[in-house]
Amino acid sequence: MTNTQVTLVQIDNYGPWTVTPEPRREADLQTMQSRLYADISQFVGNRDGYTFFTRFDNMIAVTNGLTMADHELLQESVGNRYPVTLSLGVATGTSPVQALSDATTVVQDAGSAQDEDRRECLEGRTIDDPHRTDDDVQIAHFDVVDATGQYTDELNAFDSFIQIEQGYAELMRHMRHAHDSLSFFVGGDNVIVVCPDLEADDYEEAIGHVETAVDVELQVGVGRGSSAHDAGFAAKHALEVCRADGTRVELAW
Amino acid sequence: MTNTQVTLVQIDNYGPWTVTPEPRREADLQTMQSRLYADISQFVGNRDGYTFFTRFDNMIAVTNGLTMADHELLQESVGNRYPVTLSLGVATGTSPVQALSDATTVVQDAGSAQDEDRRECLEGRTIDDPHRTDDDVQIAHFDVVDATGQYTDELNAFDSFIQIEQGYAELMRHMRHAHDSLSFFVGGDNVIVVCPDLEADDYEEAIGHVETAVDVELQVGVGRGSSAHDAGFAAKHALEVCRADGTRVELAW
Amino acid sequence: MTNTQVTLVQIDNYGPWTVTPEPRREADLQTMQSRLYADISQFVGNRDGYTFFTRFDNMIAVTNGLTMADHELLQESVGNRYPVTLSLGVATGTSPVQALSDATTVVQDAGSAQDEDRRECLEGRTIDDPHRTDDDVQIAHFDVVDATGQYTDELNAFDSFIQIEQGYAELMRHMRHAHDSLSFFVGGDNVIVVCPDLEADDYEEAIGHVETAVDVELQVGVGRGSSAHDAGFAAKHALEVCRADGTRVELAW
Amino acid sequence: MTNTQVTLVQIDNYGPWTVTPEPRREADLQTMQSRLYADISQFVGNRDGYTFFTRFDNMIAVTNGLTMADHELLQESVGNRYPVTLSLGVATGTSPVQALSDATTVVQDAGSAQDEDRRECLEGRTIDDPHRTDDDVQIAHFDVVDATGQYTDELNAFDSFIQIEQGYAELMRHMRHAHDSLSFFVGGDNVIVVCPDLEADDYEEAIGHVETAVDVELQVGVGRGSSAHDAGFAAKHALEVCRADGTRVELAW
């Protein structure tokens, strides 16, 4: 049974900061926030977690294996190097959606995202090492069947983006409501989904749903592991099997 | 009349690279591509352009004011510092969608995005200085009315993201098909739209459409200028007026 | 007794790469190598190690607490994100100079720094957790007495740099030959020295030597710990005591 | 005749910031300052200037071709993305040492480097476009003859660094006092020197001096141009001739 540890990363008071004392150059904001994301991705990633940029001012990470001390160090390190600070909420559970919901609640309880006095709060709890297991995390890695041939080389860059984006948005909503899963666009035509215990049927159903709804054909590799990296790496290998064999759903186990 | 200069930035042969010789660590890919985007955003941005991460493997930039020599330097600099290279297509026109379409075509004509032999191609043409005018670029900066109060502090982080994402996706499709405009999510609850000559009515209509379709309430500031920064900066100031006065559409001119 | 774990970080075949196929833009090389250093510093640093940029193509790190698996992950992560790769040699010992010498030997034995076939070699061994102690690492943090008042605000920027550089170079040579220690300039007027078991007398002697030789007045805080960060953090606090009390040598223990 | 435009880049109130409210993690400071340097190097470099990290809290740049507006934009962009701000002094002249001295004076006149109230000052003046010429900048690029064979592959990493560092320090002092030139270590065994009008004889003399004083054998390529990049690129190509032909001094003109 999965036990996903989810961290909500929220930049403190970011909206007001971007327009104080007057609006800041957009390119600087874009540069700053994507580098901040990159740094968090690297910190979490080299501890075998995954971080998703989501809205950039609110990022979501799967942090099985990271302790509260790791989270504290991340806050300190960002505070030492950026003009903004982070608040973090951590929660765990069999349902990724519920875990994120709990992580959100502990941060919201500490104050509004735009409260000037709420800075660098760190709330929640992690899974202790002895309780970690090899199937705590289940990751599904989707991509679009022949995206380069069908979209990138055929449509203009924006229309192929709209096409892919529609597939992603539909998948995101469906996986959330039908399967308690969190889906994230990670670039190109790739979507990574953090799942509870789902089986091949569930993925078949989801792919069918997206194809019917928005006519985008997906394939998926799925992996399990004690960390996001372990599960996700297995999923990536499984997806390579889809690409090689022309199958639609491959489970790594 | 607008004359938008659009650059399509495409990472050469990126998909295959990410899985050669075997799949690379996802966190490294995320870090690499968001830093690459940040660097391009900074290079283009401190020449008064805007860059949007879009799919990360295909980025779209508004580059009025940048010459072909600037584009070449960007390619050289990225080639010197990253494990990947860039191909660039540049085109101009009164319709941003048409300009992007042309920029895409010149890159596609040079070879597939996954062609091993197509590397660092640079195609197209820019607007010469004497032909630049103060209303070449029109930028609309949208955000969600009271997103923090309605979503960030109320819903869990993912559901508020879904909510905002739906508003964005609907706006993106509508602005593309009804108004020949390119819309980009830029973080938080912000969407930047690159427009042809549109008037207040068009923005009212678009906001109404999104509210009807997905029940997300938007406001927008719009600016014009000889560059994306000039137009976008005016748009940001106009959006501040919306926030202060509770209006829905503010034009800076 | 100290037991310093030293890692030599060597960029593979860097010199030839910088001029292949022809010399690369200097600013790109400077950007690339300082970002690479920053990344290594962050990776090692958030595992409580210290990394020194030294020559940039050869960096030296104090890595007590990092395993061989950590070293391997660093190599993989850099290889995924940079156009160059790293070879690493690790060694331990009571003398930092001897440890570095051993770390160098294992890398040199694997091939020349400019051998095209030597890539990503990882050699040597780390200290197992059960053998780590609270005084494995001794760090001395030196700075120049009133550098801002005497140099930065008085001399031109280059002459104050020459002055500080002379103090640093003299300290570096002296600490290496008289005290088996490794000294590194870390910016401003700060020098960090990785030491074997030295006592207050040794530091008094070194400060006296530098003052006599090149007329630069130094002060120093010294700390011990199981990691570079623990030792170095204690040293920084001790140096704050020098600054507050006007003393020249402060030991944290 | 040369007319070098030199910019002194000073981080405002940096020393106090690094220990407020208590000493910050060294690895974070190292990461932050080397990334800040990398960003400045990139901004200046893609406008054909050179930036040297020098002390990191005080950096020196050759900025021929950059306007005061460019300098202002650099300040704004750094202020938007870092927890620290920059003050800049700009001056020009036939002697690089004198230009730097003047650039330093204008910043010092604005207040102490550790004055809390001196923030983001921008002083001095640049060379107007009509007055720029093709020999405004003269750059000499030195390296150590067969550094890899003699030092990197033979000595331990620290002793080869000491060896190279001694050559560099001697060259730096000599070029400053005998030839009004500014020398900067740029990594590996490379030193870049910003010179007034010097001839082959001067470089022969300097190489002889360093060999006599500290027994380090140098070679040098020298170039001229309207910008640091143009001059430096010619110097790098000239240095390639030294490497190929075994000569010691090559002028590109």
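Letters are used for the chains, namely A, B, C and D, taken in the order the chains are written, and counting of residues starts over at 1 for each.
Everything that follows uses one rule, which is that a contact is a pair of C-beta atoms (placed from the backbone, for glycine too) under 8 Å apart; a residue touches a chain by one contact, two chains touch by 3 or more.
Note that this is a predicted model, so its numbers are computed, not measured.
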| item | value |
| --- | --- |
| Interface numbering overlap (same over half, different under half) for chain A and chain D | same |
| Between chain D and chain B, distance of the C-alpha-averaged centres to the nearest whole Å | 36 |
| Centre distance in Å when chain B and chain C are each reduced to the mean of their C-alpha atoms | 43 |
| Centroid spacing, where centroids are CA-atom means, of chain A and chain B in whole angstrom | 22 |
| Sites on chain D at which at least two other chains make contact | 25, 28-29, 31, 35, 39, 42, 45-46, 77 |
| Chain contact topology (line, ring, star, complete or other) | complete |
| In the complex, chain B residues that touch chain A | 8, 10, 14-15, 18-19, 22-23, 25-31, 33-35, 37-39, 41-42, 44-46, 49-51, 53-58, 60, 97, 100-101, 103-105, 108, 112-114, 148, 152-153, 155-162, 164-166, 169, 172-173, 176, 182, 186-189, 192, 229, 232-233, 236-237, 240 |
| Residues of chain C defined as touching chain B within the complex | 24-25, 28-29, 31-32, 35, 76-77, 80-83 |
| Touch list for chain C against partner chain A, complex | 39, 42-43, 45-46, 73-74, 77 |
